[in-house]
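Going in written order, the chains are labelled A, B, C and D, and every chain counts its residues from 1.
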Amino acid sequence: MTLVTSDPLILINYKTYLEATGKKSVELSRTIEKIGRDIGVNVAVAPQFCDIAHVAAQVEIPVFAQHVDPVLPGASTGHVLADSVKAAGASGSLLNHSERLLRLADLEKAVSLVREIGLTSIVCAGNAYSASAVSVLRPDMVAIEPPELIGSGRAVSKEQPEVVTQSVKEIRRVNSEVKILCGAGVSTGDDVYASLKLGAQGVLVASALVKSNHPDVVIADFCNAVRRFEEEHR
Amino acid sequence: MTLVTSDPLILINYKTYLEATGKKSVELSRTIEKIGRDIGVNVAVAPQFCDIAHVAAQVEIPVFAQHVDPVLPGASTGHVLADSVKAAGASGSLLNHSERLLRLADLEKAVSLVREIGLTSIVCAGNAYSASAVSVLRPDMVAIEPPELIGSGRAVSKEQPEVVTQSVKEIRRVNSEVKILCGAGVSTGDDVYASLKLGAQGVLVASALVKSNHPDVVIADFCNAVRRFEEEHR
Amino acid sequence: MTLVTSDPLILINYKTYLEATGKKSVELSRTIEKIGRDIGVNVAVAPQFCDIAHVAAQVEIPVFAQHVDPVLPGASTGHVLADSVKAAGASGSLLNHSERLLRLADLEKAVSLVREIGLTSIVCAGNAYSASAVSVLRPDMVAIEPPELIGSGRAVSKEQPEVVTQSVKEIRRVNSEVKILCGAGVSTGDDVYASLKLGAQGVLVASALVKSNHPDVVIADFCNAVRRFEEEHR
Amino acid sequence: MTLVTSDPLILINYKTYLEATGKKSVELSRTIEKIGRDIGVNVAVAPQFCDIAHVAAQVEIPVFAQHVDPVLPGASTGHVLADSVKAAGASGSLLNHSERLLRLADLEKAVSLVREIGLTSIVCAGNAYSASAVSVLRPDMVAIEPPELIGSGRAVSKEQPEVVTQSVKEIRRVNSEVKILCGAGVSTGDDVYASLKLGAQGVLVASALVKSNHPDVVIADFCNAVRRFEEEHR
């Protein structure tokens, strides 16, 4: 499956929420897969390390790790090896999320390692300059997330639309191919629509869906917004 | 199953070795379980995060995580939640391995979190003073591993026996109950025997077994040494 | 000068406050020295690294670094070498402050390095168990500071007196000699008095003095409280 | 003084070498200043934090910190505040040296903080992609240093000239103004000459000069190489 297409992507980050830990991570992934398929929109999930194997065995949508360490196979107790993530069935990994920041030298190494074993890399950045800097490292995707809006319920696409547009502009100065996601506070279909309108090719979402009592309704709302955007802009 | 008994324990740390990644982690665990059972010695394994679920589903010996992060359920992307490790079937976790050192405040928090959800904690330390300091935090087990001997093939029980005896002494000054393991360079049954003779109640082993072409022979050698010690000292 | 006596100590941590940066660090230190001397109480200061040399050249009270790194002389660009701190005139260093936490292995190393070159070590800890654990490393002093009260204006000696008494008890179980300070939120002479009453031999203070418009009044208030305690308890 | 000119710069990093700690840092800086002035080449030094004030008071050449932390004035015990470095007399700071790597988000913040208070930033990077990524953050200078050659005595300009030329090319794709230094293993005047020939506008040097018994001879050799290059290429 080619993950990096021009089609919009909705990626759900499960973080360390209990609502998406263990068996619940599998159930939630099935729900997301089903609705994404029904509405015809690309969806993907990023469960915790311990849940990757079970989730990947139960769904066909792409499964991402939330992080990998910049280590090679060997004596790295307690670290997350890219090969291990791949063996468990992941298609790729988030890197440098604002809750798991990497030193630049380690990020550069991690992007390379992930690329070399055929996984997809999604590097997060908190502002336009950082987003442009990480794009130089040639990841497959960049996700712009102003840290102060993460989990706030106030969507970056509404609260700080200029961060998205400026990021898109700065990223394109140095990298014409990387797929651009945006996130932080994305809570409704309207937020998703606004993100795409601002130039993003997808969204990174977490609490608004994972902590919802009706995740099926939320993911449907997101997917319908993508379809609406696509129909208006094809 | 009560992990913390007075019976000697052989714990195999898989680190990030490819020889114990993915399917190979399950096969190796089965081998270790079978031989431990046949010879009648307590054995346990510490696979990578992504492999815990499959390993724990296939063997009945205790499965440990190699690390957990000092985080509560919530917004901690890319971190290892104790609840997640438990949901995957682990019985406990290594903490503060010399390849994954923790800040003292985080270690204290991690030991508490692990205890609160009913997992067994094994805290590593590189010398007698550090081992004594971590024992104050009341983990279930302490593992003494001088970092310079890890992976060296030169066993701490032979090269630096005084580190083990001094550690046992310093640990007992502050904690009379914690189970004491030792590791670093442990490669043969004689090393295991020497460790027990010096006052340890078990060993932490990695490369000598995981990277061996005949792990079954190595674990049998280790287990037989434990039996020999027990027969001589009962 | 013997820093570690049984006499109470008031140590002022300048943190990175602009009110105590550059020339202001020297002026503030002179004020603290003068009033400490006038009232007859041991006072000491911990300015920023770049200010140690000027402060130490202008006052005779003990000057502490706020941190040193666990590195030996050599290729450690950007790190704080204990020898450098000593050459600048410092008498010792804070270690493991909650705003500059150290990994346990590094803390053990730093305490040793500092001891070896004849500097005084003051290791901070956030609760009773951590305080007891660091006392095993045999620092000269331990400072108990619950992180949630630091800078709060609510003194640990009033808000969580049991943390101080429990810490004193746990520390004394493993170390009968280490000098015990307490801090976090200490704002008035009454807070200082309460700290000594609870069993501490001194206090660690920062914002209440450094950010005050009248630091001379604040330090006098603190010193008078110490004198009052001493007169009542000699 | 305008630090960022097109004239070549020789920057000496004192690291934590005892040969350049305390009083010795002042003496060494005087030697470097004198010879740089005599030969007519731009030289600068980066002493340890505790030595910045004395060095800056005794010489007129630019003095750099080896690191600053991405913190604002306030409650950041044990951190290096940019304002503090400036108050001590520094003209700027190295950032992200391979011995003091920063997380990308922190590096972005540190470059901004340093710029805002009028200091010069020199960001280090270990390879061409990282060097290009940091150039996006618009520091005043970038220093390319392959970590494996640092302190090796084998100069990057001889051992890996393609790293320098590729870095220059990648950096210029995204930033046409940043001054480019190179370092790692630079030991002789020929190494300096080769660096300039490859497109660098200066060098970052440490052990070859600081640990030499005749630093005056070494710096003279470096300066003469710069003059030779300038005469041939004006």
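Before moving on, here are some points about what is shown:
To be clear about the criterion, a residue touches a chain if its C-beta (ideal position, glycine included) is under 8 Å from a C-beta of that chain, and two chains touch if they have at least 3 such contacts.
Predicted, not measured: the structure shown is a model, and the values here were computed from it.
Touch-path distance (fewest steps) from chain A to chain D is 1. Contacts with chain C and chain D are shared by no chain at all. For the self-contact between chain B and chain C, the two sides draw on mostly identical residue numbers; the shared fraction is above half.
Relative to chain D, the chain whose mean Cα position lies farthest away is B. Taking only C-alpha atoms, you rotate chain A by 180 degrees to land it on chain B; that is to the nearest 5. For this pair, chain B with chain C, the centres built from the Cα atoms lie 38 Å apart.
Measuring from the averaged C-alpha position of chain B to that of chain D gives a distance of 45 Å. Each of residues 98 in chain C touches at least two other chains. The complete set of chain-chain contacts reads A-B, A-D, B-C, C-D.
Within the complex formed with chain A, the chain B residues making contact are 13, 15-18, 21-23, 48-54, 66-67, 71-81, 83-85, 87-88, 94, 97-100, 150-151, 206-207. For chain A in complex with chain D, the touching residues are 96, 98, 101-108, 125-127, 129-130, 132-134, 136-138, 147, 170, 173-174.
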